[in-house]
Amino acid sequence: MSEKRALLTGAHFMNGDVACAEGAIAAGCRFFAGYPITPATEIAEHLSERMPEFGGIYIQMEDEIASIAAVIGASYAGLKAMTATSGPGFSLMQENIGLAVMTETPCVIVDIMRGGPSTGQPTLPGQQDVMQAKWGSHGDYGIIALAPSSVQEMFDLTIEAFNLSETYRVPTLLMADEVVAHMWERVVIPSSSKIKIVNRKRPHGSPNKYMPFMPDDDMVPPIACFGEGYRFHATGLTHDEHGYPKTQSSEVQSKLVRRLCEKVSKSSDKIIRIEEVMLEDAEVAVVAYGIVARSALSAVRRARKAGIKAGLLRLITLWPFPEAHVAKAAQQAKAMVVPEMNCGQMVREVERAAKGTPVNFVSKLGEDPHTPMEILEAMRRNS
Amino acid sequence: MPERIRHKPLGLEKVKHPKAEIHLIVDQCKGCGYCIQYCPKKVLEESRDINARGVYPPRIVDESKCVICSFCTAVCPDFAIFVVEKPCKETC
Amino acid sequence: MFEKEVHPFSNYLRSAMIPHIWCPGCGNGIVVNCFIHALDELQKDLDKLVVISGIGCIGRTAGYINADSFHTTHGRAIAFATGVKLANPELEVAVISGDGDLFAIGGNHFIHAARRNIGIKVICANNFNYGMTGGQQGPTTPIEALTTTTPYGNIELPFNLVHLAAASGATYVARWTTLHVRRLTQSFKRMLQKEGFCFIEVITPCPEIFGRRNKMKTGLEMMEWFRRASVVENFSDPAKAEIMPEKIVVGEFVNVEKVSYEKLLHEKIAKINEKRMKW
Amino acid sequence: MAEGKESESTEGEEEIRIGVYVCHCGLNIAGSVDCEEVAKFAATLPHVLLAKDNRYTCSDQGQEIIKSDIKEQRLNRVVVASCSPRLHEPTFRKACEDAGLNKYLFEMANIREQCSWVHLHDRKATTEKAKDLVKMAVAKAALLRPAKETEVPIIRKVLVIGGGVAGIQAALDLADTGYKVYLVEKEPSIGGMMARIDKTFPTMDCSICILAPKMSDVGHHSNIELLANSEVVDVKGYIGNFHAKVLKKPRYITRDCTACGECAKFCPVIAPNEFDAGLAIRHAVYTPFAQAVPSTYIIDMNVCLNKDGIIVCDKCIKACERQAIEFEMKPETIELDIGTIIVAIGADIFDPSALSNYGYGKYPNVITSLEFERLINAGGPSGGHLIRPSDMQIPQRVAFIQCVGSRSDKSGKLYCSNVCCMNTIKDSLLIKEHWPETEIFVFYVDIRANGKGFEDLYKRAKKEGVIFIRGLPAEILEDRKTHNLWLIGENTLQKELYKMNVDMAILSVGLEPRKDSEILQRLLTLSRTQDGFFMEAHPKLKPVDAATGGIFFAGTAEAPKDIKDSVTQASAAAARAGILMAKGKVTVEAITPISYSDRCKVCGLCTKVCPYNAITLNKELKRIEIIEAACGGCGTCAAECPFDALTQSHFTDEQILAQIDAVTEHDADKKIVAFCCNWCAYAGADFAGVSRMQYPAEVRIIRTMCSGRVAPKFIERAFARGAATVLVAGCHPGDCHYINANDQTQKRVERLWKKMEQQGLNKERLQLLWASAAEGERFASKIREMQTTVEKVTPEEIEHAKKVFEKTLGGN
């Protein structure tokens, strides 16, 4: 009751970090563990104030490794849980992101990307962690990563991230950049009844028959929580459906690892979200995500004014990679332009999907995002 | 008291000791020998033949000496031995 | 002699996982045995117990005890447990892990959980080395001990775990050897009845990996060392609680009452919401 | 010495006026000494103003005469020749003080214990010796100096050692008077022997019923700190200021124990209960008996399954609701400061298994009187049913055998154990009470029923049909099948042999000194009689005082006695201790060393020999410093000083040398000059006197506080003056009343022996004797032995010795 009243609704002016925090609360996140790091700190700050108002837990751990570990623990104890960080912290979290994957733990990790490597540029934007998002932890696994390009999306996609994570029992990453995180914009928050919330699939049948890693047809096992009498075991070791270690068995390993990949890939059409602008007849297709997509959009509009048949494919879901959509755009386009704030990461995926269509990469490092003009230039060169 | 004791206590034989029933889960034993070594009454000894794991499990020498302190049960790393008290009807 | 023997504690164990993987003479089984004994005497509700462990021989414990259990990554058991305990304070959260896991790679989490006084119960099986990886030197390896990575004798001063725990703010600190099964069980019981962060160090024989290299080939030889050298000094200064060839100081060192982190936190949350209702 | 003498004689001018009083002590002295002649002789001695003899100098009239003489004749020295100074010195010193004469100007000649009583049959020689003794006393008296006694405060706390009925009584009396009492008991509970006895004679009260209330009083008394299961391990200090260390052994059970007994119920270990003489069983965790105080249970680690800190069995821990069991408990040493000590450690009972002819320990139906007490006791192993161990049947014919371990030189002790006769009579009546049909035979030597109501009880027993047979069985035989017993012996009244068949025989065992008496004897520097029981300061006048000040005896520690006597003595001891503490102060004799710094060469030898570390070397100021309070007054420092820079007040070099010179003035070559320490040898010589042991009259005893005071120059002086032989006698090594001052005695005598050998002198002429206060015979026989040496010594040897040592003649 007090919760309802506390939930924000209506139009607000806020920055991306705050929007993310509010989104988490709206999504039902009741556990946040983190460690201060620019430019994600405001998420922690805001949640330290808001979480208690919802009976939720905020704790600042001793480091990012502890934060992600605590998040996994809290999730197994039945709470929707999240942590937020930036590059250096994201790197520290990788091992336990692997653990979350292996133990199929619903949880959300927000990475506000800044300039790397190492400590790099704490206060400037980057898109250099998008590959780490997919490949950061050792071993093969499927994972979901979303890229908001507005403060509104910081709110919306945080909710989306929780929903996907709960649906597929997979850690879900919100890969935002420093600009989106610190930018102030109008955010419209619908009444809670209008917000779609997904909760994890609970076990059916009696506790003594429960197998924590026995998947249903959707390849996702129902999840029980600690203290509910299921007395189940989970481990980072290769394990069978009971969760018991089976480290010597090749078929247990392949069965498990393939499922961990496929439960995401096989559902990619359900997972993937993209935005298409004037692509129908586009000869030059721009593929962009995050804040860069906003410049790209403006560049496309200017191009059209200048008579260039330009279009934009904005990636909202980075992983699983929207391969089909890129291929489709590539088919009719003469050329593709991919602006990224890195030395070329998602562009490789685009090239792979473009199948021959020339792909022009526009790189930007260490300063503000691409200006529309810079992207327009690239389009001109290829039209 | 200073004086030396010369007589054995009266009615010594009448004292009732609870009768022990020692259970060995022989094939679960890894033969560490703790139960044998630390039994205060030396009720156990190393068996002469090996078990399924190829080690020498304990073997009961004299069950009647057991006072059911259950230290063997407590110190066994392999949950391979436990002691219960024989139901009364057999003793009294 | 008897047909199918059923151990009184069998319902506390995951039958599918027993017998355990531990070597003959390994003390880990005794730690589990005593822990279960304590649970049994306190009639603890296994449905509300979560056993969490890290990596290493003793790390397998989570798999053996028939309760909710989680086998975390190396060193992170305490951090994971913190999340569990805060998320559901009703749960009895026990971390059972090794000296390397808790105090080398996981040392930071240990001191901070103790400082925050998170109401988790940490049990460390100290076998003086990294057993599972074949016996390397670790944070508790005694001076001059031989390990696969100190072939010329260890020159690193070991941690005094009980001193570390006490200094970090633990509300209950004890050390026993696997020969002190009665006192160990009693300590487990005390610990399980306390609110705040508790720590018990159990010195366990590791004959196959550590003992073999240090003139104690069998578990019995290591247990005999414990018997010979142990001195019970309850509530003596943990700073002076040495572990030496000729003297091992064991006992209860700390037992104080302190409001746990989760209690404070949830009280605060309640207060905050009260205010908002009034307003 | 002359210089020395002047240097300290402040009142050099003062004319010395000595009065000598020779006591007849009725006929005790006059019987073998011509006191008149001695007095006449005394009058001729230098500085002697008057000499008188009277029947009892210690009587009021006797003392009055001395007092008036001091006043009217302006006597400034008094010599009394009578009994031992150990007996009446205080009496006469007080008389002098009353008359305004400093008590240190009084000297005594011991012509009774060390003269008239030990040479009863040679009046001439005895009289000659008495004259010498008086001459010695006068010689010393002339050199006496007034001295001021120092007062030390007394700690108003008492240590009672032993928690039997005597210790309990003494503790309660003193605690009720308001003194703090520490009661130390070795066993887990107080109560001692009395708690184990069924009934008491002659009144037949239930023993524990009358004792238990006293025990619980002790447990609850606010002034009593009960230290059970504890032992005194060290005692230092002196009267009024003792410092004791008590070892408190762990009970392994805390005070939280409510004595509910649950632990014992679950304890899997059983052992014989010592309290029931092993006839009943107890557990490893137990309380010795129902009324035990403290009631706290105790764990017997000798039988408990839990060894070296490892708890194997935790049944008791589990059973104890109060969580009072604490296997970690360690022994602790408690330090106590007390002013007085009461020794009430009780006695052991004789172990008859030493007597093979009675088959105790071999035949199940031969038991001791103590085992009988437990059997007949309702709280005992048989619930009060007298049964015989072999078959648990009630015996029809029972024999009591008296004096087992008593009154026999070959089996057991010489003395009568005092309580056995009445105890047996009581026991026989107890049997008759429950099973009147039982035939009871008491085999005895003499029945001793010398106490209030004892004879009546004896008569009653006879009336009840108890048969008393004079003559102990020589042997007991057992019938293998029935385990019945055959008693074979001679009835010494009918002068006929008997062979009697009984179902059970009860050996009436005697009491003997506690086996651990030596320890306490050493800790407290006490003396013991030949029997081994502790020796009182005086058998008549100080029956509960120890020779060491501030220590008192109670109960069977001093001699076998029954409960009544033990309690009486306990109250007496309590009173004696109370008197001391009530005063709050005690004066210590002014016998601490004086030093003449002008002669001191700061060699530091004295600091090395002082047993009390009372002398320190001040290197800066180049002098030694004496801490008077710490000084024990043995004088061994004075004996050690090579420069005569140290001497002991009241036992100065001059005084002792004067005594030597007096002895050796005539017929030195026929005399034994004996130096005896006050506590052992001199007391031993007195004891020989009290016991009328006869020995040659040639010996002349010079008393020093400690044999450590005897400087080599004294001995040399004696030889230089032609003495035939010299005896140095002190306490046994380890028994020294000055910690270990007599170690120096040994060293010095040995050095002299060597010297004599080198000089070709017969070293047998110098003898060293260790004799305790109880060893009168030892002393006497030593003198007899030395007498033979005296006869052997030739004039040449005498001359030779004179030459060898003549330089010691320098000085006076």
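Order of writing sets the chain letters: A, B, C and D. Residues in each chain are counted from 1.
One rule holds in what follows: contacts are C-beta pairs under 8 Å (C-beta built on N, C-alpha and C of every residue); 3 or more make two chains touch, one makes a residue touch a chain.
Bear in mind the structure is a predicted one, so any value in this text is a computation, not a measurement.
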Contacts common to chain A and chain C (chain labels): none
Chain occupying the most central position, where position means C-alpha average: C
Interchain centroid distance [CA atoms averaged], chain B/chain C, Å: 30
Centroid spacing, where centroids are CA-atom means, of chain A and chain D in whole angstrom: 98
Rounded Å distance, chain B centre to chain D centre (Cα mean): 54
Length of the line joining the C-alpha centres of chain C and chain D, rounded to whole Å: 62
Sites on chain C at which at least two other chains make contact: 179, 181-182
Chain D residues counted as touching two or more neighbouring chains: 310, 312, 314
Sites on chain B at which at least two other chains make contact: 38, 71
Chain-level touch network, classified as line, ring, star, complete or other: other
Residue numbers on chain C that touch chain A, as the complex places them: 14, 16-17, 46-48, 50, 52, 60, 62-63, 66-73, 76, 79-84, 86-88, 90-91, 108-109, 112, 265, 268-269, 272-273, 276-277
Touch list for chain B against partner chain D, complex: 1-12, 15, 17-18, 38, 40-41, 67-69, 71
Footprint of chain C on chain B - complex, ascending: 23-25, 28, 30-34, 37-38, 55, 60, 71, 73-80, 82
Chain C-touching residues of chain D, taken from the complex the two chains share: 308-312, 314, 317, 327-328
Touching residues (chain side chain C, partner chain B) in the complex: 1-2, 5, 7-10, 13, 18-20, 22-30, 33-34, 37, 178-179, 181-182, 185, 218-220, 223
